[in-house]
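One chain, chain A, links the two complexes that follow: it is found with chain B in the first and with chain C in the second.
Moving on, here comes the complex of A and B:
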């Protein structure tokens, strides 16, 4: 039981990290980024390129992946958001679906359909606590996630650049009047989002393996997490991510493994219908 | 001559072309196959138009209704032994009931939440089809689905199937056109422009949205039923999010909220997919990049582009084919 809950927590942390990056861009531009799952996927793939293809050490590989994903974030902003920033949110959403298809199939062409493994920083070791066997990697995931979520509050509230990003997300017009370069801040948000995707991909790789469809799977989970947490709320995401991770593993091991995802999506629909504010969020009927 | 008459004449002319077209293609089974598939997707694209064109909502769970239509049609004709057309009608109705069920919570929410609820629905349908082995035969799917029969006739050739599909395309088009002129269609268009203003004018948003969902899921189910007997075997694999995205792309590339848009988009993309076959796995890369480019350079789709060109060439002439234009007389 402890073992299951720890695995669920680790999975939930990954969901929370994926959703975190996703929500950053959502808060900044008010449009759902369907390609975020593929960004996570490429974060993992860049790590794999650095370790397996280039033979770099893991820490260098992480830097490589972060740098590459920062570039991807910038290009993404320039190609699929900046030219249509004045259009309706639906246009931006559809463009992100197009990017998602583009990136997924690029991954298929480059890396092939087979699942590939990414190495973990802490190896394949396990820790015994009582009867439970806990992979060290799960503890790493938990540590990194908690550190990032603690750090974001400092970053967005206490640093000058973080406050500018926050101001842009809250009200673009007002931020512009205050002398903030809004377009730069949005580009930076896409970069930050891609960096978080890179970390999430690095942590996900060792437990899930990477194949081109992983992006679609994690983004669907991120949607559930983001709705549960209340759209836009960052602390809500952490709680909801952990909740979904634990619920999924308990459902899979005690109820039904085939219909695990059906139950996750039913939770999504139920929350949207009954408790549309999620755990901590905005009111759905008012947001368009 | 009034402009409305021009449109009717143009429509009749296109129908005549569609009726005689196979005479020139009688020997090309391949071309007829593509046309049949395109026709099924035209019906499917019109089904999404009821939601997106009339209400401005994005659904990416449309494949769920398509799958319900396909599996129920196959089940009723094969396991129960009902007549194909009766099965098709029941399947589309079943899909419509599912549409009402999902539409009820969905009418309360907007924007990306609506997108997510439809996405969740589509995935639930796919996962149930995948896992409910006793009924759907799981990953192996249902094979040897018989061709449609009506009394002594069987639609077993590609040519006869072409006319069957054409019949349903025209039916869908007529429903779309008559909705546009009805109280409900006008109410929906008013809701699309401003829900608040429309509600103040006495339009009931819940009832109108539910009607739109029911119509949409009915025709999506119908398209699914046509697809099942056309392909002859169905499995869960093609009914994923990709199919929902495909049909959405068809609608947007053609031009959502226009009469011609779904036809243009579905035919264009089905044919384009065939032309690009030589690119193999790179095809989908081009396709994804293409969607982004369409959103950047022609957000109103091909139909919108043509309309804007016409307006530019003949300043003064009002636009044609748009629901919301000045000329949307009935």
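Moving on, here comes the complex of A and C:
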């Protein structure tokens, strides 16, 4: 049981990390970004380019990926959000689906269909605690996730730029009246979201591998986590991510691996029946 | 005046012939359907490469009876819809036969149209049920699961002396077909699997499945999975410290999987039809070298039978011409000695009855296979 919980927590951290950038964009533009999975994928691919193609060290590769993804975030904002920002949220959602398809096929054309691997900062080693085995990379995922979630609390509550972003997310019109440059804040949100995708891609690459379809797997999990946590809630996605990660592994291990996803979804429905707003969120009917 | 009009008519006819007529008129057209996009392209593209290589070799030698072989290649992506569209496209080009996709879920969808058009399709899928649908137009040139999974189970029991096997299968048609054969063969040998786990082909974590396996305390693990999930299975087994021999399906013979898995390939047994990258036969080595030079990628164990399938088909066309029914009839009655082995179709139109069991050892960071057992039940 300890092994399942440890692995479930690691997997939950991955889900939460991926969902983080997804929620940031949602809070800023009130529309889900279905291309976020592909942004995570490209975050990992840029890391792979830096290490395998350019021969750079992992730390330099991370900086390379962050810089590249910041650019991708800006371009994404200019190409797929800014021109249609006055339209209904459904238009923005459809544009994000279009971007998802574009990025996925670009990945296929550039990197090919074969799964690729990004090296881990901590190698392939494991740590034994009693009968449980913890890959060192899982500990890295846990540490980075907790640090990022703690950091976001400080950033959004204690810094001027964070407060402006928070104000923009809460009410764009009011933020504009307060002198905040809303479009600039939204562009910054897309950049932040892409940076988080870069980190997530780096952490996912060594364990999930990178292929053009990974983005779809990622976004499905992120969407479940966001719904379960409560649409828009940052702390909700951390709790929901951990919940989903642990439940999936416990079901596969002790109940049935064949119907693992079915049971996981049934649990999701049961939770939403009892808590329609998710763990920490507003009513889903108002959000989608 | 009349002569002037006549000259104009001749000119118009010439312009039409030179400008509008199909430039491929006189070519022998063969359809090739495979996944060129989506995650499934990792198998599909290598197979298409094989067909291209075979056609180029025939054309260098003068084609078939002086006519060039022209391949009409279409993408079947990762869905039945795309496969159906690809089939329609090649049929519109009036091809005389088709080299088809490897994925059984796409092949099943193509069968009614093949029947309607009365055109032969050759492919290298392993799914047992494909040749149990009584389609006279489908020809398989890869050892099917009923044969190769039986070998895996027999190898586990007879060579590894397994009494407590664990099965880890993917929930696709391929996984279920393989699972069925494994269970049946084990039962025939008086062995009952101690645990059976399932995963989806997109699953990226198998910890839950491995914990169930660990509790059952098996003496061997047999997996039936596609390349990405095979890589995750092998890697996670190693990480979780489950030191039980693993007999993996042919996906584990792919160079891509070795790159992902690294040292976790040590000691892994893999079933395959052939292993082109480490085969010591000079003919295979020359072919692999040529393939790598031409396409800048290493072939896998599915690329060789597809190359053989293309050559078998071109031989049929040479023998009977581009007549759809005659090609199928000729294939049924003849055999072909290919790179991987000898192909001859049984009543269900399964054409390959040879396989090898490999064991990989990691040397200087590279997974090197050694053939531990050869099986060949081809009719001599």
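FYI, the second predicted complex is superposed on the first by the 273 of 288 C-alpha atoms of A that agree within 3 Å, B and C clash if a C-alpha of one lies under 4 Å from a C-alpha of the other, contacts with A are read in each partner's own complex, and residues count from 1 in each chain.
One rule holds for everything that comes next: a contact is a pair of C-beta atoms (placed from the backbone, for glycine too) under 8 Å apart; a residue touches a chain by one contact, two chains touch by 3 or more.
This structure is a prediction, so every number in the text was calculated from the model and none was measured.
Applying the stated contact rule after C-alpha superposition, one finds that A:97 touches chain B and leaves chain C untouched.
Once chain A of one complex is fitted onto chain A of the other, the partner contacts of A:32 are limited to chain B, with no touch recorded for chain C. Once the two complexes are overlaid on the shared chain, A:108 sits against chain B and chain C alike. Contacts of A:261 after superposition: both chain B and chain C are touched. Of the two partner chains placed by the overlay, only chain C lies in contact with A:253; chain B stays clear of it. Look at A:161: by the touch rule set out above, it reaches neither chain B nor chain C.
In the superposed model, A:80 makes contact with chain B only, not with chain C.
Contact with chain C, but none with chain B, is seen for A:208 once the two complexes are overlaid on the shared chain. Of the two partner chains placed around the shared chain by superposition, neither chain B nor chain C is touched by A:129. Residues 105, 108, 216, 258, 261 of chain A touch chain B in one complex and chain C in the other. Residue ranges of chain B in contact with chain A, taken from their complex: 56, 58, 60, 102, 105, 108-113, 115-117, 119-121, 123-124, 127-128, 130-131, 241, 245, 248-249, 252, 281-282, 284-285, 287-292, 294-296, 299.
Residues 3-4, 7-8, 11, 105, 108, 112-117, 124, 126, 128, 133, 135, 207-209, 211-214, 216-217, 248-254, 256-258, 260-261 of chain A touch chain C in their complex.
Of all residues in chain C, those touching chain A in their complex are 35, 37-42, 45, 171, 197-200, 202, 204-209, 211-212, 227-228, 231-232, 239-241, 256, 259-260, 262-263. Of all the residues in chain A, the ones that touch chain B in their complex are 31-32, 79-80, 83-84, 87, 89-95, 97-106, 108-109, 216, 220, 223-224, 227, 231, 258-259, 261-262, 265-266, 268-269, 272-273, 276, 284-285, 287-288.
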